[in-house]
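Each of the next two complexes has chain A plus one more chain, namely chain B in the first and chain C in the second.
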Partner chain A sequence: MKKYFEIAKINFLNSFAYFGEFFFHAIFILLILFIFTNMWKAVYSGKELIEGFTLSMMIWYLLMAESIVTSSPGFVKEVNTEVQNGEIAYKLNKPYNYILYHFAKSFSRRIINFTLTFILGAVLIYFLIGGFDFKIYSLFFLVLILFLAMTLDFFISMSIALLSFWLEDSNSLRWIYDKLLFTIGGMLVPLEIFPTWLAKIAGVLPFSFIAYSPAKLFVRFSFVDFFNVFAIQISYIIIFGCITWIIYKRGVRRLNVNGG
Partner chain B sequence: MKERDVIEVNHLNKTFKIKHKAAGFLGSVKSLFKPNITEIKAVDNISFNIKQGEIVAFIGPNGAGKSTTIKILTGILFPTSGQVKIAGFVPWEERTKLSYKIGSVFGQKPQLWYHLPAIDTFNLFSKIYELDEREYKSRLNYLVKIFEINDLLDIPVRRLSLGQRMKCEIVASLLHRPEILLLDEPTIGLDIIAKQKIRELIRELNKKEKVTILLTSHDTQDIENLCKRIIIINHGRIVYDGEVESLNKEYLKSKIISVKFENPFKSFSLSGVKILKSEEYFASFEIDLTKISVKEFIDFIIKKCSILDINISGTPIEEVITKIYQQK
Partner chain C sequence: MVAKKNSQNSIKKTAKFMLEYFKINLQSIMEYRISFITQASFMFVNDIFWVIFWAIFFNKFPSINNWVFTDIMAMFVVITCAWGLVGTVFGNFKNTAEIIRDGQLDFYLALPKEELSHILISKLKFDAFGDLLFGIILAIIFVPFAKLPLLLVLVLVSSIIILGFAIILGSLSFYMGSSVEVANQGLMGILTLASYPFSVFSGFTRIFLLTLIPAGFITGVPVELLKLFDWKWFLLMLAFAGIVLGISLIIFKKGVKRYESGNLINARI
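Then we have the complex of A and B:
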């Protein structure tokens, strides 16, 4: 376990070289937040609540969901390239597990991405519409849920990335997955805004446990919801962890095709 | 004491299935339902053993099956058939265990973290290879001294020169005291002085630590300077396995002779002699030693022309290798 922690640490340090990149990424998110804040203000004009959300809850929800989803580092592309040009071979000759290696590596980068986006966004929103009633005691539980959300996102992304063993390019699948997170994952709007039937479907799919559920717990925490989300996240992580592992094992056996 | 074999390869075969696709959209659709698969033998019944402490050049043209073999040796690829034992392990079954015994340097695939000082990567590797802290420190000190990289340790890798970087790459691959070192193009892109320095270090290391080295390189100087033994692979088969020296003898069937003349050179034809280049006062010839000896040629040319200078050189090993590559 220790070695993966060290991998995360070194990539964390290495990532600071890309600080400018992180910064511009965050600036771009701020722009989106600014536009959405104004849009929601117009939608809310005169209304106190929409589907149980106040205006400030809605905006803070958006910040959290956006920070989670957009913090994902581009490792799908990296894995895709590594598989396609056989470079994966050079990553495999060290005593570590390839998947956990990428998990550690991408997580450290994600933490920087997330933290920076969230802090800058929070400052902006605070000045635009002010704070909301955040339950300090929920912090610990939120961090846990965030960790699980990002882990689930990692395993889904990784299984997509590893499909490169069979597909020419898994980036297009990644693109679709991203858009699913934006929409039925609840990144842009909470599921409550959807028609009931769609909200029901989206609510059981794994995507909403990456964006919607953590963001909602952030603005409206309850222990019942927490345990619910926690249990389902764990289940999905186990499912997608296994899928990733199976794809990986079969893929490495197939590595053939790209050897030469 | 007799050295033991650290690499044993017996009747290794690897067949790839290649999907063929007819051109155009229709072809794509067709291949989706009824793929036209052919088999290609990338590695065809290869056997060789390497003893501890040997430095062996393992070369072949692109697509000869060289990297496939190396990938099988490191456990990344599964062979179709055959046995392989590396440091006592079957690579594809015990890849992780084996990785503690192997070090690798790939000239074109750096393993050092680009934006960080090399020491950070060294520290990381000490954790990845689960080295004992004290052991690691003394090992590091030792390597730093031999490779003279003390001043480079704290500089971000991106600011090092290519030669300095390669030194650090090699140190990184040696921290865990591997029994076998795979060097793939270790001098690629380096200037002559840096190349020589790297070669010197590799030689010294091999002598001191008895580490077995498998070297692949397109630089024949690397091979001539470092290796006693050379294995040449082509079309998936071993076409030569022997001493570098005898490779020269066996294949050196021609010489290149360059001559400077006093008077303008007039072309001539002589059995076994090919004019490679001719200018007004200069010409170079390739003479086929099976047809004409050096003495015969020189006697002939001295009679024919007035000579200012003459230079005789053997076919460079590069050409020997090219010849071998071209053989079917």
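Then we have the complex of A and C:
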């Protein structure tokens, strides 16, 4: 376990060399927040509440959902390249597990991405809209839910990335997965805005436990919702962890590297 | 008189060269057909997701500052067709900054053809075909038949603005050393701003979107013109496109004069 912590630590420190990249990423998210703030202001004109959300809750929800989803580093492309050019063969010989190596590496970068985006976004929203009634006691539980949301996202992304053993370009699948998170995952709007039938379907799919549920708990925390989300996130992590492991084992078995 | 004739001949030659190059580019699709089909169809699916999002949104809120669902669809027609058109014809429009920064301009300067048009057309952007096809299908569904000629003109003018804006951002590499990040973020920013209803912006933001980051002229004004035609705004849009393209050409040509070769040796296969 210690070696994965060290991998995460090294990558965390290395990431500061790419501060400009993080900064531009955060600026783009601010632009999206600015657009949505304008849009929701137009929608809310004259209304106090929409589906239990005030205007400020809606914008803070968006910030949390955006920060989670867009903080994911592009490791799918990296794994895709490693499989395509055979570099994975060298990593398989190393004294670590390939999947856990990528988990530690991507998580450290994700923490910086998330933190920077969230802080800059929070400053912007505070000036544009103001704050909201945040339950300070929920902080510990939220951090746990965020960790699980990012872990679930990692395993789904990794299972897509490992399909590179069979597909020429699994990165395109990641693209579709991103769009699922944006829409039925509830990143752009909470599921309450959906028609009831669609909200019911989206509410049980894993995508909403990455974006919608953590963001909703952030603006409207309750222990009942927390325990529900926690239990379902753990279940999905076990399912996608197993899927990732199976794909990885089968993929490595078909690995055929020429030359060196 | 002689100078005017020479200039006309030069434009004709460039247009003919671009047409021939475009034909060759299209033939290259057959060589990379799997990649072409994958990228174009994924872009098509990507666009469908946005339509689903807006359908959900407008199902709940039928109007945002007088924009209804069909207006959003018209906006998507304009942005996908214009962006797709620029990408299919001028596939390198997003890469100018990188080409200048990396010294790859040497290759184009050494040839007898006009360098800017040569750079822009020397790559085919496969995903742009997905955008273009999506825009055309959406136009058939959502834009009334009588308005299609106007739509065509508006798409062409929007394409000119996108192209001009891209050339300006790319050409900044001549002056800044590298404008790759600025160009990437600038183009991503304008595409994003042009993909949301213009009616939600007001005051200073609106002025900003009609000048410095002209997303308003790319989709906002065209949608308003499709809703209710107004000569004043139409002429303003035409003039703006002319100004942006003119400025972009000046910045590029002046930049070429400042350009110093990186002595990069590479092979184009």
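Details
As a working rule, the second predicted complex is superposed on the first by the 256 of 260 C-alpha atoms of A that agree within 3 Å, B and C clash if a C-alpha of one lies under 4 Å from a C-alpha of the other, contacts with A are read in each partner's own complex, and residues count from 1 in each chain.
One rule holds for everything that comes next: a contact is a pair of C-beta atoms (placed from the backbone, for glycine too) under 8 Å apart; a residue touches a chain by one contact, two chains touch by 3 or more.
As the structure is a computational prediction, the values presented were derived from the model and not from experiment.
Room for both chain B and chain C is found when the two structures are superposed via chain A, with no clash between them.
By the touch criterion stated above, A:Ile243 is placed in contact with neither chain B nor chain C.
When the two structures are aligned on the shared chain, A:Ile201 is found in touch with neither chain B nor chain C. Look at A:Ile234: by the touch rule set out above, it reaches neither chain B nor chain C. The superposed model places chain B and chain C at 80 degrees from each other around the C-alpha centre of chain A, with the value given to the nearest 10. Applying the stated contact rule after C-alpha superposition, one finds that A:Ala42 touches chain C and leaves chain B untouched. In the superposition on chain A, contact of A:Tyr90 is made with chain B only, not with chain C.
By the touch criterion stated above, A:Phe24 is placed in contact with chain C alone, chain B being left untouched.
In the superposed pair of complexes, A:Ile193 makes contact with chain C only, with no contact to chain B. Of all C-alpha pairs linking chain B and chain C after the chain A fit, the shortest spans 8 Å. No residue of chain A contacts both chain B in one complex and chain C in the other. Only residues 14, 16-18, 42, 63, 67-68, 71, 74-78, 95-96, 99-100, 102, 104, 106, 109, 111, 113-116, 120-121, 123-124, 127-130 of chain B touch chain A when the two sit together in their complex. Considering their complex, residues 2-3, 6-7, 10-11, 13-14, 16-17, 87, 89-90, 92-96, 252-253, 255-257, 259-260 of chain A touch chain B. On the side of chain A, the complex with chain C involves touching residues 20, 24, 27-28, 31-32, 35, 38-39, 41-43, 168-169, 172, 175-176, 179-180, 182-183, 188-189, 193-195, 198. Those residues of chain C lying in contact with chain A across their complex are 34-35, 38-39, 42, 45-46, 49, 52-53, 56-57, 59-61, 64-65, 181, 184-185, 188-189, 192-193, 196-197, 199-202, 205.
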